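Next come two complexes built around subunit A: one with subunit B, the other with subunit C.
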Partner chain A sequence: MMDIVTTGLMTHLESRQIGSRFSRGEGGEYYLRVPGDGIIEAAGWLANREDLALIGIWAVPGHEKDCLELYYAFELKQPSPALVMIAEVKNNQAPSIYKIFPAAINFERRARDWYGLDFTSLPDTRRLLLHEAYPADFHPMVDSDPETLSSNLATTEYSFKKFEGEGLYQVPVGPVHAGIIEPGHFRFSVIGETIFNLELRLGYKHRGLNKLAEGKTVAEVNKLSESISGDESAVNACSFSLAVEKIAGAELPKRAWELRTILLEMERLYSHLGDLAGMLVDVGYPIGASPFFILREEIMRWNATFTGSRFLKGAIIPGGLSRDIEDGMLQKFKFFLVTFSRRMRKALSDVDESAWVIDRFETTGIVSPELVAPLSLSGPVARASGYDGDTRQLHTYGVYTGLKYTIPVKTSGDVLARFRVKAEEAASSIDIISETIARCSPGPVFSGFDPGSGQAIAMLEAPRGRNIHWLRVKNGTVEHWEVITASFCNWPAIEHAVINNILPDFPVINKSFNLSYAGNDL
Partner chain B sequence: MHKIIRNIFSRKLSSVKDPTTEDFEITGLQLKEHVCRVFGRSLAIRELDSGSDNSAEIELNNLSTPHYDIERFGVSFVASPRHADVLLITGAVTRNMQEAVMKTYAAMPRPCWVIAVGDDACGEGLLNGSYGVLGGADKVLPVDFKIPGNPPAPLEIMQGLASFMESIRQPKA
Partner chain C sequence: MVVVVIMTVIYYLLNPLFILLISPLFMGIIKKIKAMAQGRTGAPVWQPYFTLHKLFKKEIIYSDNSSFIMKVAPYLNIGFTIGAATLVPVLFLPPEGSVPANIILFLYLLVSAKFFMALAGLDAGSVFGGMGSSREMSLSAIAEPITIITFAAIAFVLNTTDITQMFATTASNSLTEFPTLLLTGVSLFIILIIETARVPVDNPETHLELTMVHEAMIIEQSGPNLALMEISHAVKQTLLMAVLINLLFPLGMPDSFTFAGVALGMVSFAAKGSILCVIIAIFETSLAKIRFFRLPSFFMVALFLSFVTIVFELIL
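Then we have the complex of A and B:
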């Protein structure tokens, strides 16, 4: 389908005397090179298709010296490769496409921070990931010398949006929160108890992973990818490995992908169980939450049995898996899942019978379905608001093609919808795991390969949604690595979801999203 | 409603844990003994994430879930640094978090201790050399004890806390 879109786009650009050059990437994705000012015309044309979403913008040093290129990635809501448009940047200036695709704002702010690019007419030019501790003219991806950074503390203050009026007051929260949570700042403007506006400020955990990866071997960067977000270790390692394997043209043994699928679904399972428990804790129902905490702990112990790590770290490596999982163990796990699934259903039905819990969840924190496309939302957050896409189907990988599983979709967009979507996804993960174990083939779990050179995009469905890794490798060394986690696009949805809710409901709304701070800040 | 009534009157179902054989229980009781002696029954911990990948936070949260329930041993996680005896810091200190880390430490009543949890906070992680991080927690704060791991499992954190308590009961000469 994307080929029809691409051909249409090329014809359109030609009619406007804009030249474009087409090529296929190692990962099967389409690349379309356009001149720097052609991107507005192209984006405008693409925006006519309602099933097309902007899923990422990133800058990459060009093949020639001192030249930057901007990559714009688009996805169709049907099984089809991604379209990546490449536009050359002239004089460090590029047009902002936020008026056509609103999700572009944060991508462009990120590229602005990292490369010092000037996006004309970008409405928000505050820094996104680099805070006051960094000098205004420091751009890590081009100034490679961290020695220029002193350890001086901030002198200027970040300018939050100002709201004034009778009875309106502000509640600043964070970066250090009261619970055991990651750091981030929330600035609430409140009237009485009702939230009038929320402004997020993240980036506190910015560790500079992308820059750190440059010049490292693929094995080293694979380790780094596991620390993007601790509870998404498997999916990030798998996304990175998939990109490496696409570049190398490596063929994996079937068993490697079957075991990877099991691990990826175990990650989704323990992650969702934690979210379900968290939501119940945040409405003051610890009795209801305990069964989910117990179930999650059991899966984490199985993680450790299978891989040696409770977070599945070190298991997935480019070329397959670092170690095999015994068939006997898998059968035991499959047997365990039968009672596990019964206990999970019991815990869920207990929640359903607690009318007051449902009352707290219902109509709380609504993300309206109209927001899904402009904000480029994905994962359970989008599927609770009527979006029926899932990367496992749109960009299928591994053994998912041959599996039967349901992808739950709800339309109300409230906390209850997200609770239900996550609960049903957890059940669907159990089915996938059982079915994969039942048909697991014998054989090796690793095949050696020569990393080679090239570039490729890899997209996987993380527990939180669409996970994108874009990689350029030269002779086995990483030249450029770009990561867009689902959290990056989904965070702004919270600003919309909380409006007109009461401040005490914020924790449960936030937990129903359960986005990653580390995965956003990189 | 009938569920609540049934729960109250029915036989209690819970697996029996033998405190003499399970590692976690043994460590927990040791820890409790130390805590009773040094802190008068309760050790208040303030957790601070200075740039971890969130896995250490998940394990620390797990300590309060039914399988572990660390509060039985006199350890509680508190909401404010002003209520804390120990600052438990996870992750390498990012440049963006440096100020918040220092302010949190300054807000603690004295005497207080700092424990680094996880490889990154111990200064042994993968992130060293990045422009975004200053290094381990000891680059910014006086670290008294380190619990390494990527991330340490709940049992390892408990063992670490028990060893920490031992170390402060026998100050070096």
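Then we have the complex of A and C:
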């Protein structure tokens, strides 16, 4: 059974004499193999469909030399999570689809960095993740010989967009910031205090995770996935494990998924609480922020109690969980959440009563709803701008199917909307945790499996949005692993959100997104 | 005559010295109260002294782009501020006419200090220093007329522009004689908040590159130079606090020098200053930072109250 989009695309390609081959992945996703010269035609047809978003482009070495396979992943509505179009390209030449899907530009730049692929007519050919310290022709995914690293360093300086005019000046911020935060460079072009343009430069935390994963066992790569982004360890481990389990066809005990759900929601809860506190600190209201800091800390201590790690590391493994959580402990936590939820509501109503805070949040840093589709935004950022979508509901997994919870959607797209979305999501996470604990079933939390071979895509809703892991495994070793975190697509939204805001408001705008640098840089 | 000279000399020695010594304590108290309001323990109130001690031991680093301005600015800054500190009696009132404690002189000594601080901010050529200086100067341009009107209103109410005489008048009369001083007291408090870079105008806690004003100006300062800038900032706060305290609550201010009187003056000023610090801290914690371009509307409250004071005095 194919869906309407895939059959429609196949029919269309057939009418243009372009052959395509359909297959189904282990994760339920559809693969459609098209020839390299059919990419534009296919993308053009897909662009006219409103129920579809480009969620990733990545390259995989082809079967022959000088041959690359380009994967274009589109998120579908039911029944399949995604349609992945595969096109084989030769001689490092590929057409760019940025005119059809603007979100493609950064994916293509990333593939260009990693494979040396030349995308014709790509408007921005600067390197995205690799910095000047890497040789100009160094492409880690095709040739990672350290010998080439020591010579032939790229000397050309990264050029930011130039803006000139009366009273216009540039403010460089970062990569080292005044605070314990991740590195990233922000180049502001400012007139007086008003931001005229912002250009981001990330990549300072590029560790080459997907290269590291090649040839490693799934257990080893699971550890890597936990270090994609410190505060998204659980969701990344879970996405990776899910992809492995789909390939292996492993059936997990119910309790494993119930406990995973609890951990995933705890992660969302403490992330959002940290964001709420951060936004208040950035408008100079620390007294409003401190209750949220305290609440966050308490959840992190529960994290440590449950898993031994404040950041939930080492808990979720392919096949289930590395260790069980005692029922008594869960009941205690559920009881604790009753007062916790009351304290959180109190802290939120205190913030609502401060006209000064609301005044700073309102109309600041607006992401207009029209940006959601072209930039493939997801998560709280998109939901604060009117996007009614959440992977937990769109492509439900684990035990989310049977749970009742609300997914808040706001339309104003400003800092206040993001603040409220995150606050309401935190509240709904508490509900999910309580309900899951109440119906928690007894039994084992791990089931052994044979990793096998195959490829699968796994999509989960991370605190920051759509989290995608695509995996190809051969006899238990990882052949290729591709990660697309929500931060990767959401970062460019900041460049749009800050325009015409004033410089002193940037920190609170940035905090209201609170995207991951490490998760973007991989 | 000899007594007057001796008392004047003692005043010139003791008054600035006491202000210099007590200013970091007031900073520490405000920080402590703010920390407690946020549910933190906070650093001890003596922390600013330790910080200054540490800074005085460190080396000074000058940016390659900086000129002699960077080297002289901290000294000029502290010099002007100490100069201003001789004009505001806090321990006892100096003999009449012995100190040129003109209110205009006082204000412009503080402005001169600020001028050199802003100049140093620009001198190093870093974007943040320049940004801080430009912001500080824009705010000052708006705040200056308000400050002038407020002090004019006070001078109008008390019929003098001499700070010593102002304090003498308020010390020998009950506040009920000058009820309009309460209105200017509010204006003075707002000026205190503006001039000491506190919430909602600026956030003294943050070193967030893009939002800061005062901290951006002194971002290129290091070591003893930074310590001087910090002391100068603390002294400025104490001076403005002293004006507010001695106009509204002059109780315990001796009108001439005696050992017992000065001791009492120290204790009472420290006590009243600490109470005012608590009020400042509570005021700060209960507000968020205002949007930068909405600051003038906050300043206007002070302007309005000062105008009302003048109008009342004219009519009544």
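Methods note: the second predicted complex is superposed on the first by the 507 of 522 C-alpha atoms of A that agree within 3 Å, B and C clash if a C-alpha of one lies under 4 Å from a C-alpha of the other, contacts with A are read in each partner's own complex, and residues count from 1 in each chain.
Criterion: a contact is a pair of C-beta atoms (placed from the backbone, for glycine too) under 8 Å apart; a residue touches a chain by one contact, two chains touch by 3 or more.
Everything quoted here is computed from the prediction, not taken from an experiment.
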| item | value |
| --- | --- |
| Partner chain(s) touched by A:179 [first = subunit B, second = subunit C, both, neither] | both |
| Subunit B versus subunit C as contact partner of A:56, first or second or both or neither | neither |
| Comparison of subunit B and subunit C by subunit A residues contacted | B |
| Touching partner for A:311 - first (subunit B), second (subunit C), both, neither | first |
| Partner chain(s) touched by A:290 [first = subunit B, second = subunit C, both, neither] | both |
| First, second, both or neither for A:209, with subunit B first and subunit C second | first |
| Partner chain(s) touched by A:451 [first = subunit B, second = subunit C, both, neither] | neither |
| First, second, both or neither for A:504, with subunit B first and subunit C second | second |
| Subunit B and subunit C footprints on subunit A, overlapping residues | 178-179, 290, 294 |
| Complex contacts: residues of subunit A adjacent to subunit C | 169-173, 177-179, 193, 280, 282-291, 294, 354, 356-357, 359-360, 502-507 |
| Residue ranges of subunit A touching subunit B (in the complex, touch as defined) | 129-131, 133-134, 140, 146, 149, 151, 153-154, 175-176, 178-183, 203-209, 211-212, 220, 223-224, 226-231, 233, 274, 277, 290, 293-294, 296-297, 300, 304, 309-311, 313, 350, 353, 516-518, 521 |
| Subunit B to subunit A touching residues, read off their complex | 3, 47-62, 65-67, 77, 79-81, 91-92, 94-100, 104, 120, 125-127, 129-134, 150-151, 153 |
| Interfacial residue positions of subunit C with respect to subunit A in the complex | 34, 37-40, 127, 131, 135, 199-200, 203, 205-211, 285-294 |
